[in-house]
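Okay, so chain A shows up in both of these, paired with chain B first and chain C after.
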Partner chain A sequence: MNFIALKMLVGNRARYLSIVIGLTFASLLITQQSAIFMGLMTRTFGFLTDTALPDIWVMDPKVQYIDDIKPLKETESIRVRSVEGVAWAVPLYKGLLKARLSNGTFQTCNVIGLDDETLIGGPPRMLQGKLSELRRSDAIIVNDIGAAGKLATVLPDGRRVPLKIGDTMELNDHRAVVVGICQVQRTFQSQPVVYTTYSRATVFAPRERKLLSFVAAKAKPGQDFHTLCQRICKTTGLAAYTKDEFKKLTIRYYMKYTGIPVNFGTTVVLGFIVGIAIAGQTFFSFTLDNLRYFGTLKAMGATDRVLLQMILLQAALVGSIGYGLGVGTASALGTLLGRTELSFLLTWQLLLVSASAVMVICAVSAILSMRKVIRLEPAVVFQS
Partner chain B sequence: MITKYLLPILAVLGIGFAVFTVIKGSKTIPPALPVVKPAIPPFKSSVAGAGIVEANTENISVGTLIPGVVTEIYVSIGSKVKAHDPLFKLDDRDLWAQLAVRRAALRVAMASVRVAKESLADLKNQFALAESLSDKRAMSIEELDKRRYAALVAEAKLAQVRADVSSSKAQVKETLTNLDRIIVRAPRDGEILQLKIHLGEFAPAGITQTPLVLFGNVKPLNIRVDVDENDAWRVDASAPAVAFLRGNREIKTPLKFVRFEPYVIPKKSLTGDSTERVDTRVLQVIYSIERSDLPIYAGQQMDVFIESSEPIPASGAIPQTKQTETDEVKS
Partner chain C sequence: MADTDNIAVQCKGVTKTYGSGSTLVHALRGVDLEVRTGELMMLVGPSGSGKTTLISIIAGVLGRDDGECIVFGHDFRHMSHYEKTRYRGQNIGFVFQLFNLIPTLSAAENVAVPLIINGVKRREAIGRACEILSRVGLGDRTYSPPTQLSGGQQQRVAIARALLHNPKLIVCDEPTSALDHETGHKIMELLHDVAVGVDRALIVVTHDARIFEFADRIAKMDDGHILSVENSNYRLTNKKKN
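Here is the complex of A and B:
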């Protein structure tokens, strides 16, 4: 019987293809859009992903998300270090500074100032040079995308010469020398990322009373992060978050105050509707086309149960093929465009979500078709 | 054939590729390790402070009383000197010239004394001669008086030129003292930490921004620890303290308490901007570095941890929500 069902499905090639294509597009749209959304959201806290060493981030209680810098007094890092259970605490500067390029244009850069002594919080992957070279005078480390893109020198014939080790640039009227090229997560605003030491960053930064952006702390082994966060809050009056809490805080801000989730959500819902409209409808008309065969089978004595099984099998088959092609295409697109500004992050949760969406589409189509088959009178076959 | 096998195969490949993408995407890059491991507090509960190493005499910036051009420097950077050893000398030619003039003036004054003495003797003699006359009529009274007063005036003149001599002597002595004063000497035993004055440079009198000579006794070194005023109450003089050298946490030294600076000062920011507003105030605690065999130098920064037995009071701190309320009221 199952063989007949498959034969029935594959035999009607046009219908079969259009069902599969409909499902493919539905799963492609759902997977790709939500993967881009996920990618975009992880980009908002890309700095935290790069700076994975500290367990706890201490900041002003009014900070709403990672780029919302409310500077602290410089002694706060020492105060955090005084809290019981803290292994170390280092100051960190993060801010947007203007860089002047050799051709005279200005470019805003995301400048990160690391603790002078330990250089904790450095980029996870150095492509050229070493992190310790930051100790040299006026030294900065630039990310590869920034160096080859926005910070590159544009020649008169339009060619771009990427920033390389030994090149100098101006950061807020101060000389800066590139001593290394690193690779970091792309930033949400896609500015070039510049690493330097904390004290140099405070020299680069415009004069302000307070300049310390964050205190990054590590817990002593065996400490419970949440109790430690509370202790830091109580002692210093500042807000302390674990890395994951800080990520959540940032995402929550973007979810609440930007249109991004609504935009992507709409596309995902549209994908779902397109899936139901095309695939469901085609599947339904496919069943209608084959009603004669079902009638014949019924007349030959096949029970409703067997017929339903056949429909379910057909639905499951087109569903899996459509899903497989969809997520495959989505992943291929993501991989192809992975080197560009496109953010794409496919997680196993997303695979499950799109799988269940496709399953719902197939189930809806199957239920519609089943109703027709159950109500079918075997006599129909002989009417025409 | 195509529809029969190709699509399912493609679908399986698609799912496989998606799973591969998921696995690839979920791989995390290990974080960059610190270039130098940070110092970890060696006590269960401690107060942290930023320390700066200094001489146990504090760092003395030696000044000069008399401005002038430096002609001689007797020490080099790092020289160990005893108290009153000469450090440098200013141009002294004018003083030597002055000394010669004043010595000549002294000789003139001394010569005048002899002149005055002889003339006094002469006049005294004449007066005595007149008085010894047996016949008083041989000389008029007027003439006698004239001789008496002439002798008295000569006596006064002698006293005057004698005073001139001591004045000249004092002036010579003044020049000699000035000649000594242009040699700047070490105030006490110690070491030259900085030598910012060179031969031919002008050394102004008074306080200079960079010290002419930075001087201090560095055996043993002291460390000046800044503790935030909010944590100042937790510092106990008798508690053990440990200092870690920046750059290598293996280099650490126990500290011996010396004194508290009784006045809490505004923290000096490293940005060096004079218009900077005060950030916070810090209590300065002075410790003595017990180990002298370590490569620690005056002026270096160290991370200091002072053991604190006091638990941090939960009630003492303001709850976070309450603080935000007060902030809003203020704004």
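Here is the complex of A and C:
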């Protein structure tokens, strides 16, 4: 009976295509939007991904997420260093400073100041120059996307000349010389990232009593991170998180206090509704179209089980084709957009989510169709 | 009791109503009917007299309210939903007024459906469908979808479908009403030649007086009753011809 089910479906080209297109569209929308959402969410803690070395981040207890800087006293890094079980602890400056470009416009940069001695917390990948050159006077390292994008010089004819080694710029009225180009994870705000030393960062930064953003610490081998965090909290009165905890804290903040999840959630729900409305409804109408034939099969001895199997097979066919096309298109788009500013992270969990969504759409329409067919009196076949 | 051996269908006092309250319709008001094996019983009567209702009950696609209806020794009342469906699949052939051929299947596939429902492999079923299609003169149209066939050709496909699995009882509701006179005649000849056999029976519902001559007996219905059952002389005339 399977071939009959398939021929019934595929032979009705118009309905078949609209069901498949509806499901494709739904799974595309769901997959693509949630992948962009995931991409954006990982960007929120891009800095933590880049700064892989420290196990533990120490900060003001009121800090809610990574860009929520509540400065500490300079001495806190020494106090953290003295906590038992801490291998090392370095100060980190992280702040937004204004850069003045050669054409006179201003651009906000995400400035990161590294411990002068160790330069711990530097960029994960240097493209040009060396990290150690930060020790030269006025030295900064900028990220490639920033250098080629927002920090580039725009010529009168509109061409952009990327910032390169040896170029100078002004950070908060202080001279800065580019000594290297690095690559970092894209951040949420996609501002240019500027690395320098801690002491120079405090010079660049506006004068304030406290400037230390974070203390980044490493646990001694064999230390349990959680107990160490608790110990740091207790002795310093500061908040201490493992890297993963800090990431979660950041994501939770964005989930809770920004409209982003709602925005993407709406689109995903929209995709789902479109799927139900177009594909589900067309599938149901398709069954209604064929009710006379289902009735005929029933009269001719096809049991309810066989008829249900036919409908399930039809739903499974359109479901898997629609899902395949949708997810395929989504990842193709993702690859294409990978080179642009857009974030896109397609994980297997997301594939599972959109698969479930498509399955729910197909199941709902199949169940409604099955109910119709089960309730169908075979006597209808004699009605004209 | 020797008589019961050649009884295909035995109805006694069958009643059926549709709806309830003010919309209550008495479709059958106590129908007695006996159909013997080897005969073509024609059921005639004005519109709304209950012909379709009666054959639906006999074919087991509709439940009766009261009375008795035995088909080849089986009472559908005493069968489960599943058993009824399977009994229909194995023993009853249907020919519908509107043919009810699945438009996306070829002629041969349509004819093969009852065999496939009964578990015959697709390839074998379609092979046998092609054979029977040649017998009804459609050997060259086996791959055509119903939409590319004329009304008469579609009805022949429908008849082939009703015959292929060798059912004991074939019920036809207005099998010629969609056809012109000449085609209707051909279809009835075909039905009579291939469908009537010693151990099976055929019930044909019709309005169409032009095909009465093909009946062995004609039951006249009106307002939910059988008024009379008369012998027809089809066999006699035919026997004279041969």
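One rule holds for everything that comes next: the second predicted complex is superposed on the first by the 383 of 384 C-alpha atoms of A that agree within 3 Å, B and C clash if a C-alpha of one lies under 4 Å from a C-alpha of the other, contacts with A are read in each partner's own complex, and residues count from 1 in each chain.
Assume a residue touches a chain if its C-beta (ideal position, glycine included) is under 8 Å from a C-beta of that chain, and two chains touch if they have at least 3 such contacts.
This one's a predicted model, so the numbers in the text were calculated from it and none came from an experiment.
Student: Tell me which touches more residues of chain A here: chain C or chain B.
Tutor: Comparing chain B with chain C, the partner touching more chain A residues is B.
Student: Kindly classify A:273 by the partners it touches after superposition: chain B alone (first), chain C alone (second), both, or neither?
Tutor: neither
Student: Should A:125 be classified as contacting the first partner (chain B), the second (chain C), both, or neither?
Tutor: In the superposed model, A:125 contacts chain B only, not chain C.
Student: Quick check for you: in the superposed arrangement, does A:367 touch first (chain B), second (chain C), both or neither?
Tutor: neither
Student: Applying the document's definition of touch, where does A:51 land relative to chain B and chain C: first, second, both, or neither?
Tutor: After superposition on chain A, A:51 lies in contact with chain B alone.
Student: Mind working out whether A:301 is in touch with chain B, chain C, both or neither, as first, second, both or neither?
Tutor: The second partner, chain C, only.
Student: Taking the superposition as given, does A:353 touch the first partner, chain B, the second, chain C, both, or neither?
Tutor: In the superposition, A:353 touches no partner, neither chain B nor chain C.
Student: Quick check on my understanding: which residues of chain A belong to both its chain B contact set and its chain C contact set?
Tutor: 10
Student: Across the complex, what residues on chain B touch chain A?
Tutor: 3-4, 7-8, 10-22, 25-26, 28-41, 44-50, 226-228, 230-231, 234, 246-247, 267, 269-271, 273, 275-277, 279-280, 282, 303, 308, 311-312, 314, 317-320, 323-324
Student: Considering only the defined contacts, which chain A positions touch chain C in the complex?
Tutor: 1, 3-4, 7-8, 10-12, 292-293, 296-304, 306, 377-379, 381-384
Student: Considering the complex alone, what residue numbers of chain C touch chain A?
Tutor: Against chain A, chain C makes touches at 52, 55-56, 59, 61-62, 81-82, 85-90, 92, 94, 96-98, 100, 102-105, 109, 113-114, 116-118, 122, 173-174.
Student: Give the list of chain A residues in touch with chain B in this complex.
Tutor: The touching residues are 10, 13, 16-17, 20, 31, 49-53, 61-62, 73-75, 78-79, 81-84, 86-88, 90, 115, 117-126, 131-132, 199, 202-203, 207, 209-211, 218, 220, 231, 233-235, 237, 239, 317, 320-332, 334-335, 345-348, 351.
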